[in-house]
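Same chain, two partners: chain A is paired with chain B first, then with chain C.
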Partner chain A sequence: MSEQILNARPLLEVQDLKVYFPVYNKSLIRKKIGDVKAVDGVNLIITKGQTFGLVGESGCGKSTLGRAILRLYNETTGRILFDGRDITDLKGRELLRLRRDMQLIFQDPYSSLDPRMTVFDIISEPIKLHEKCGKEELRKRVHELMDVVGLPDSMMTRRPSEFSGGQRQRIGIARAIALKPKLVICDEPVSALDVSIQSQILNLLADLKKEYDLTYLFIAHGLAAVKHISDDIGVMYLGRLVEVSPKSQLYRNPLHPYSQGLISAVPEPDPDLKKEENLLSGEVPSPINPPSGCPFHPRCRFAASCGQRCYTERPELREAEPGHLVACHLFDKEA
Partner chain B sequence: MKTTKNDRRYRNGHLPWYRKKGVPRLIVGCILVLIVVLMVGVSLFWTPHSPVSGNLADRLVAPFHTGKSGTFYLLGTDPLGRDMTSRIMAGGQVSVLVALLTVALCALLSTFLGVLSGYYRGWVDSVLSMICEINISIPLFLIVIMIIAIFGSSVFVLALCLALNEWVSVFRQTRSKAIVQSNYEYVTAARVMGANNRKIIIHHLIPNIVPTTMVFSTLLVGSTIIAESGLAYLGLGVSKPFPTWGRMISEGQAYMNTEWWVSGIPAICIAILVLGVNLIGDGLRIIWRME
Partner chain C sequence: MESQNTLKVLLDVKNLTTRFFTDDGIVLAVDNVSFQLMEGEILGIVGESGSGKSVTSMSTMRLIPIPPGEITEGQVLLKGRDVLKCSEKEMQDIRGNEIAMIFQEPMTALNPVYTIGAQIIEAIRQHSKMGKAKARERAIDLLKLVGIPAPEKRVDDYPHQLSGGMRQRVIIAIALAGNPSILIADEPTTALDVTIQAQILRLIREIKETQNKSVMLITHDLGVIAQTCDRVIVMYGAEIVEQSPVRPLYKNPLHPYTEGLLSSIPKMDEDVERLNVIEGMVPNPLALPAGCRFCSRCKKAQERCKAEKPTLREAAPGRLVACHYPCEVQTDE
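Our next item is the complex of A and B:
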């Protein structure tokens, strides 16, 4: 797999991406009183054909990162390179063209489909927005897409309210792949579904990846769903990536104390297995006022023994093993 | 699951439309409104007698009685001997026209502004909401009286005035609905697919807001007719001698104790129309499951 990464060129490269949402006071005269640092300097490379899993607690900025890559926020600084092209400041027609190549699958299959539209309208919407397409051809293409995601043809004229969560998610997936995008950002696509449906949808995503030659940025809040589908995994904490590594290495040998905590939180189905006690405690600090130094230090079990640096100096993402990056002073060789 | 042939009928709530709650109201409301509209429609071509000139010999004939001249009057006559049936039929023209125009204006204005306000938020929303609050805090009836005093009282001026008086209540509903809808992910989805603001508003927001607008607009018809009657009662309606229901009530008030039908019958007509339209609005609200 590492060989594959070496050979493939990067499809998406994110350089020092920051998304700060301004916070205002509530009086009549608005005054800026701070920033929510939703994404705070993320560097990321996703190669073509890869599935990059992005994991973190809720509120750590993983969804914001995904949406910032899709250019949905104006409050973005840094650089986003897509297919070798800087897309950070694209506007108008150029941005519209970019939309073809990047799509989003939503977490909530209920609010992500317009309740007044039929399945046909929903799936054909992206095609209509980007191509001039005759009625017969449109019908044919929607028919094909429904077939690919496993929806019977007879449902074409129904509305989303008549479908179950899993079926709705299939409609959303059909809509996302309608234009054959290069990159699909999956924003927790299975966390709102039943466990039995989750695996079906994950398998569908895996099949589609092969068939349409897709690249995924797969966002999830737990490591369990990501384990199944990802090649590389990035762990996010408070708007920053704290560990990036191939899947096997991360599960075998998590380096960052936060990743260790996340892995210990995955429930084990074997009752005889002696489980390490929960390594994570406390709450995520406010992204308006992130802790000084390493943002994880208030919850870290090593911070007290590690020395002053954790409290004052922000650790950079560095290679600790080949292909395995971690942002922690424990693995800082220069120290 | 039912056969695909019948899918259309079992869609949305999985009940055939005629078995849904709210449908009886809708039907009764439609019948009442239809009666009034038919009556008014016929008056455009034919009335039993002239609505504006009467026979003074047949003053104040009671309903279902024959006057001294030997003419039978279904709903009696007024103090000038004019046939009430004809006056009711013709008087409805103004009332119904003003009500429909007002409500259409309200619906258009509040859908458009509500969507702008709820989708763009920011300063657009602040300004529009402020205008709303100013609108509510000033007793608009006084301003309406002023406008009519200046511009005269044609049907259109009347409708405009009344719309100005009432658009706020619909606007608030459409605005809040637009805010809710704008925050749904399907709007984000449309943006990711490459839809611009105009397309999002036209293809997604407006279709989702129209039911709200329709329900709250139909509920306005009642108060509009009553407001129009109120203006006519004050002598500010469409100019004499052409009758309107409101002015007929005001003209009959001196005879209320002895000849009830002069103001009673137009009042009943207003009540029927208001009831009918309210039933339609209420029925739609229940069928579409809105709060």
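Our next item is the complex of A and C:
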């Protein structure tokens, strides 16, 4: 991590965030029988101007974390600090004002746009909601936004059904940046798109970041895309961050056995790179009843030789080398 | 790879053309596609959505809904016999016994109200006169083969009791029930997580080796192809634009589309400031351009490309490309 980033002001700070969803039994008299621990104690700092990538398999809590930061869930404990202000308990008008500064780009460009609204309606809606803006100026701003995301002006009065997936994603992006937010949470923005369109959208996001001075939280399961766009990357497993590191270190030298398995499972578009030694066995356990101790121990190839600690004691996220955090007992022995 | 000429051709697809007659017009989904599937190989078909890769595989099994679809031309020779001329009854014999399909959606391809055992036994008994008890034993063997732990217990589970990866294994077990020589896997791992995807791809490779199957693997992911297949077909706009053994395709792509696609994927082992992009979008299948279908997005396009459609021709031994101005063939190995 460069000096610059270390000294930069944190834009977002998440402290011990937990999002639990209650599970009820199926009988007539509803009784709570447990919790889905979607996010289970996450600490995270994103500095201004940074792109923080969040990777993990489905069900690891990465999307829930993103939405909890936007305050879209109330079932939370812990603190969220945004731009130096505690936003955990904001309500009503205050919360609405906060949303100006935090926006979301959705995964599915088909269900995230209202099919009955025109492109103009969609992009102008956040502006109308948050600012007093005359008709002429509104048109001008929508026009500018469409230009920035690469949509021809003539399409302003069309509806989403007339667009391809890539173009729809551009509409969603224009809507997200309409208010010049400080933080944009991109929740799998390219997963639903074709390969040749993915790179177009990734480049667009990189351009917008420069132009609008944005900070991204980029959530995805495609590791190569995350690596391309991010500065720092966090790996999530069962609601917890298991490794946080600058991207180059994470890919060159992944420390957590889960990160190693995840990275080696990515099929590389190069037939000469066959790497399979770290193939993970088994599947992600249920977040209702996560394994004791280190939640990764049932799939970990070191757990058996590592001693009892993995089965009983949950490892904390600690610095293993400068700027590189990992939650694994393999690394706190040396400390 | 050298011994390819001596390998037996299992499936020989010639000039296959499939159209869909819709209210909006005629969609040319597969246009004059010819390829061969050899014994014991994994052939990858890669392309973006709408490129015709799935319709190609469905057409070879005659699973195209008629109407609106119709296979208007071509032959699909399975061990010398034209599948397209078989009666529906003969087709029922071919499906499952000769060619079987592994579907993309492990959530919807299984019937939720029957146990997985019942569904495998149904597939076994459809194709042989095996008794119920014996079929159950075979079902347990198949579950063991596809790597399901404790198969004696799992055989009585319902699909919802299994995870996505396990369900995909069950689908593979059902495909293997009739002991077919060809497996068609249509995006078998798209709905799965990467670590599970790696497990399923390894299973497919193992089955190919131990059970001596030929596999047609349809995917949009060039990474999956690189790690799994022996040969690859690249489709664009309902046509084959390039066909090649896997290694040379990645080292030295010949068609500008393949080249563009490969350079546009972010790679794990290198850092670039900006990704290369292929500008524009895939052509509208209702109104395909007259010349080369890629020419509006191609950096090398000339006047000739707009007017004249390139045909698939051999550029190097075993390598075919449909382009007027393909990339140079590098011969150093």
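Keep this in mind: the second predicted complex is superposed on the first by the 328 of 335 C-alpha atoms of A that agree within 3 Å, B and C clash if a C-alpha of one lies under 4 Å from a C-alpha of the other, contacts with A are read in each partner's own complex, and residues count from 1 in each chain.
Basically, contacts are C-beta pairs under 8 Å (C-beta built on N, C-alpha and C of every residue); 3 or more make two chains touch, one makes a residue touch a chain.
For clarity, every value in this text was computed on a predicted model and none was experimentally measured.
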item	value
Fit-or-clash call for chain B and chain C when the two complexes are aligned on chain A	fit
Which of chain B and chain C A:Leu280 touches, first, second, both or neither	second
First (chain B), second (chain C), both or neither touched by A:Val148	neither
Contacts of A:Asp272 with chain B and chain C, given as first, second, both or neither	second
First, second, both or neither for A:Arg175, with chain B first and chain C second	first
Which superposed partner A:Leu129 touches (first chain B, second chain C, both, neither)	first
Partner chain in contact with A:Arg116 - chain B first, chain C second, else both or neither	first
First (chain B), second (chain C), both or neither touched by A:Met156	neither
Chain A: partner with more touched residues, chain B or chain C	C
First, second, both or neither for A:Leu104, with chain B first and chain C second	first
Smallest separation of CA atoms, chain C relative to chain B, angstrom	8
Common interface residues of chain A - those touching chain B in one complex and chain C in the other	none
Chain A partner contacts - residues on chain C that touch it in the complex	48-49, 163, 165-166, 193-199, 201-202, 220-228, 246-247, 250, 260-262, 264-269, 271-272, 274-279, 281-282
Chain B-touching residues of chain A, taken from the complex the two chains share	67, 70, 72, 95-96, 99-100, 102-104, 106-108, 111-116, 125-126, 129-130, 154, 157-159, 161-162, 172, 175
Complex contacts: residues of chain B adjacent to chain A	4, 7-8, 11-12, 184-186, 188-195, 199, 203-204, 207-208
Sites on chain A touched by chain C in the complex	57-58, 164, 166, 194-200, 202-203, 206, 221, 223-225, 227-228, 248, 251, 261-274, 276, 279-281, 283-284
